[in-house]
Each structure stands twice: as structure tokens, then as C-alpha cells.
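Worksheet for the structure shown next.
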Amino acid sequence: MIEDRYQTQLFAQLEAILMVSDEPLNLEQLTRATGQPVDVIEATLTAIQRDYDGENDGKVRGFQLRHVAGGWRLYTRSEHADVIAAFMLQGATQKLSQASLEALAVIAYLQPATRSKVAQIRGVNSDSVVRTLLTRGLIAEDGVEEFTGAVRYTTTDYFLELLGINSIEELPKISPLLPGVDEASQLAESQDKP
Amino acid sequence: MSQTATQGLTDEVAEEHVGFELALTNFSGPFDLLLSLIARRRMDVTEIALAEVTDEFLAYVSTLETTEEVLENSTAFMVVAATLLELKTARLLPAGIGDAQEEMTLLEERDLLFARLLQYRAFKQAAEMIKHRMQTQATMVPRQGAPEPQHANVLPELIFDLSPEDFAALAQDVFTKFAEEPEEVGTGHLHAPIVSLAEQVALMTMRIKQAGKLTFGSLISDANTTMVVVVRFLGLLTMYRDRLIDWHQDEPLGDITVKWREPHD
Amino acid sequence: MIEDRYQTQLFAQLEAILMVSDEPLNLEQLTRATGQPVDVIEATLTAIQRDYDGENDGKVRGFQLRHVAGGWRLYTRSEHADVIAAFMLQGATQKLSQASLEALAVIAYLQPATRSKVAQIRGVNSDSVVRTLLTRGLIAEDGVEEFTGAVRYTTTDYFLELLGINSIEELPKISPLLPGVDEASQLAESQDKP
């Protein structure tokens, strides 16, 4: 009985964590956050998965829990691709916003760069513009930072193509002008420390 | 008393004067300090023992370091301190001696100060409420969803017309802004044009000398703003002090006549 | 019967759209994406909300559907704040200073408000805190004052979101906090006593 209630709480906790994450989560991360053993977490994730697939009450959710790339992540179901496309086209523009361009510039010159570094340099939370750049294929994930586990981003070949250059080295240097990129990245690091 | 870290002026003051008898906390402005002094005496803001609070306020203000960084804020403290001091002085003087007009002005000034203090208190409470709401809301984290890779191809093709040089210039802007946090003293809130006292005195000297005698009304007839009127009046006061002019007024609120004073031999 | 299936399909469609969005969605956006009338969408959103709250099967989800800043958005539930905090190491939002909060309160209640108005009420220059609020996206410029040419500021939708309200009208009234005419005149009298 106690076991059961416990399970239910973990179920909701995992649902909450999955909801705020947009990267696949591995069992280790979930263990650290919830303090529960790996096997209990795995069993609960499977239960969540089944629940979203309608195996409990016949109610198939608009989203699903998938186990991909060594982690668990919420995805929409492919049968809703049409509505999602219709939704995405509403706000879609052919040009990048100023905010997206700024984030792209930071990543291009500091790469690999994490979201928090982009945010520090721009002075505002940049999560959503980084997501836009990812969706647009201008940047890609490139491993994680050793200590923080934060995802690092680099620009893609498609970005080089759009800019008409062959490699990142061909980007015009900005270091001799005013504060160098090195300085900027040092500054960003020093600001990491509280 | 705990010393929570806030910014700017108050931090510095608190650090430099640890152990000072007032047991300073951080204040975000003169009104903040006034309110806290009043609160410490457990008094309603409407029943302040003005003289006592004034003493404490002045003691605090005297600890402010007028370095460049805190100058602006210190000035704000000084304005309130000066007002309080004036009110205190008025109370200490025997009643009935002062000019009735002057007393009225003091009363108005005091009411204005307390009205502003009450207004500030209201917004301070509103800020507290906003903070609590934000804290409660912060326990609920919103979904930051994004289209998944399989959806990306429905987006219209990207138009990217920046040259590598444009792009570099943009990057430079971003890094520059980051490196030099704007720290200039804002003057955006000052809209009154500056009127120079020296210029106005020179102008009036010329006019009065020429005419020999002029009314104040005609001296300000071409003044296009209140500020010019005020500065010309101040100019006349300095000219009177320097014994350059004489003036007289036949009746209260009547015309003031200004005369150039011939230098004595 | 068809009606029912239809509803269920819309239910899942809306769930899918909510999942890929990073801002509150208004009814108009959802109508355009799904082609369904506003009232049906609104009813379905309410059904989703109730479902997540456990009103159908007693199963309270780890997430909830909330109506904030004029739109609908998925949020985690307060009771999981601890696990979420443990999971999101960097803790997302920095706290606002007392000074910034005061300036924000003035702008929220008097909007549009200029910097000099904020300074006047706070009794100190408020330029730097107003800049902080701008950078954090809590306020935005909203034209200039006719005579002085001073920039006016209003709060943003993000501010509403952070407060969990739908419009500025939902802010608690400030008038009880402000001294009334009576209090002001009493105050004048009480001051006369030494």
C-alpha cells in the first residue's frame, strides 16, 4: 500500500521533470533529482509510457514518452504532425529575429557554447532562441560540458553555407576590435562564480 | 541585524560602517530609510515624532560617502534631510514669531513630504506583494517546448542575407555591449533646458543700465519659460547683494521697480 | 458518437500543440491550427485541465494546464518544486533586488510610466533598476510622453506570466494602501502636536 502511494508520487515527479526538459534524460539524472533507485525509476518510466499510449484507460495522449539516444524524452505523436505544422506556420518567418541572430553570433564566435553562456553574454535568457536555431538547423548539439553537464552547441555546415564561407576560420575576426572574444569568454566565466 | 546584499550605495555604506551605532541595513533610498526609522520606533507614519526621526536620519546621512558612485543617491538623501531639518527648526522656534506666509509654506512642505512617504509606502507594499506572487509562481515551471526535428521541414525556407562582414559586425556589437555594461549617469529624466544665471545677469545689467529704471514685469516680459523667470529673479537678488541695483515695491504684490545704482565715489 | 471521437481527437491535438510551444497559446492560435471553433476549443482545454487535475480518474498529473497571460500553457505543479529545483541545477531565475521590485511595482500600477515618475515615487534615481527590468524583459518601452519626450514603460506579457495572471486588471488593487483624503488631512493635524 505504502509502496503504491510511493510509486504514484514518483510517477508525478517524473512527469514534472520530463515536462521541463527538452533533452533526453538518462536514468542517472533522474536518480539524482528524485533520490530513487534506478530500477524503480525505470519501471515507473515504463508505466508512464504505457499510460500515455492508452494501455490503462484507452486514452491515447497527444504526446508519448520515448526512449531514444540513451535517454527518455516526451515527443508528440506523428498523427498530429498536420496540426503541429499548421501551428508552426502561423508564426513562421523567413528571417531570423534580431535575438536569434545575436545568439547565433555568440555561438559562432565562442563555439562550443552552452545556453547559459549565450544568456550571460546577451544579458537575457536565450533558451527559446537557441531552440529556434536548433530547429532551423543552424546549430547542433556537440557533447556536454564536463562538470555542469550542460549541452554545448556548435554551428553547422548549413550555417557556413548560408554565410557563403567554407569554414569557421573564414569568419571575419572580431578580436582586434574593441573587447576581444577571448576577453568576452573570460568575462563570462568569471561571472559564473557567485 | 542581517545585512542582505542589495546594490549600489547602500551596500557600500553598510560595509564601510559596520558597527556604527545605527546598526545600518541597506536602504534603497531616503524614503526607505525614513520608513524604517519610523518602523523601528513602532510609530504610525501619521504620528511621527519628527524631531527624533530627523536626528537619526541626519546621523545616517552623515555616514554617506559622497564618492562619485553614490553622489546621486546621496543627493536624494540630502534633499529629504534638508526638508526634515527645516521642519524641525520651525518647530523649535517660538510660535508666532515667524512670518505667516513662511509657516504656511513649511506646513505645505511637510504635508508634501509625508504624502510622498505614504505613497512610497504603498508602492513598497505592492512590491512585496509582487515578490510573493512571483515566488509562488516560481514553484511552477512552464513547458519550454520546441518543434521536433521531424517538424522542421514545414517551415518556410530561411532567408539569410547577411554577409560574413555584417555578421561579424553584429557579433562585435553583442560582445561590446556585454563588456561595457552601461554605467553612464542617465539624464533622460531631465528635460528642463539649462538656464545660465551669469547670462541672465549680463542681459539684465545691459537692459537696466540702458533704461536706468525698469519694472520686474518688463524685465521678464520676454521670458519664454518659468525657469527663465526664476533665474532672472535669482539674478536680481545677486545683483542686489552685490550692490549693483536698488529696488522698491510700493505695495504687497505690486510692481517691483529696479534701478541701476550709480557707483559711489 | 462521431462527436465524441472528434472531441477526443481535438483533445490529443491540443495536447500535442501545447507540448511543442514555449509560450501561452491563445484561442485564436489554436483555432487556426486545428480549424475548430473557439468554444469547442475552450471546452476541450477545460477538459484537459480537469483531466490533469485528476477530476476524471483521481490521477493527478505531475503537470497542469494553466490559463495565464491571456493564454494556455503547460506548467509543472507546485508540489514538485523540490525535485524540479534539484533537476534544474542552475535554478533558472535570479531574484530581483528590492529596488527593482519597487520600480516594477510603480510601473505595473501606473503604466505607462516614465523613469522620472519612478524616481519621483521612490525618492531616488531609478535609471539603473529600470534598465535591469528592461533587460530582464519585465517591462518594455511604449512610446514617449507628448510634451517631455520622455520614454514611457509598460509591463510585458512575461511579467503577467511570472505573476500567473491574465491581465493587469487582475493585480490586487493598490488604492487601500494609498492614504485617502481623510487620512491625509488627519495626518496634517496630528503633525501640529509637538
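The chains carry the letters A, B and C, assigned in the order they are written, with residues numbered from 1 in each.
To be clear about the criterion, a residue touches a chain if its C-beta (ideal position, glycine included) is under 8 Å from a C-beta of that chain, and two chains touch if they have at least 3 such contacts.
Everything quoted here is computed from the prediction, not taken from an experiment.
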Open item on the list: Closest chain to the overall C-alpha centroid, by per-chain C-alpha centroid: which is it?
Closed with: C
TODO: Tell me which chain's centre, taken as the mean of its C-alpha atoms, is farthest from chain C.
DONE: B
- [ ] Select, from A-B and B-C, the pair of chains that is joined by more C-beta pairs in contact.
- [x] B-C
Task: Rounded Å distance, chain A centre to chain C centre (Cα mean) - done: 25
Open item on the list: Using mean CA coordinates as chain centres, what's the gap between chain A and chain B in Å?
Closed with: 46
- [ ] Could you please state the distance in Å, as a whole number, between where the Cα atoms of chain B are centred and where those of chain C are centred?
- [x] 31
Task: Of all residues in chain B, the ones touching two or more other chains - done: 141-148, 151
Open item on the list: Show the residues in chain A shared as contacts by 2 or more other chains, in ascending order.
Closed with: 16, 19-20, 76, 84, 88, 123, 127-128, 131
TODO: Within their complex, state which residues of chain A touch chain B.
DONE: 16, 19-20, 22, 75-76, 78, 81, 84-85, 88-89, 92-96, 101-102, 105-106, 108-109, 120-123, 127-128, 131-132, 134-137, 162-165, 170-174, 177-179, 181, 183-184, 187-188
Task: Touching residues (chain side chain B, partner chain C) in the complex - done: 6-8, 26, 28-32, 45-48, 50, 72-73, 76, 80, 91, 107, 110-111, 114-116, 118-131, 133-134, 136-148, 151, 182, 185-186, 188-189, 191
- [ ] Please name which positions on chain A make contact with chain C in the complex.
- [x] 8, 11-21, 29, 32-34, 57, 59-63, 74, 76-77, 80, 83-84, 86-88, 90, 116, 123-125, 127-128, 131, 148
- [ ] Please name which positions on chain B make contact with chain A in the complex.
- [x] 141-152, 154-160, 162-165, 167-168, 170-172, 174-180
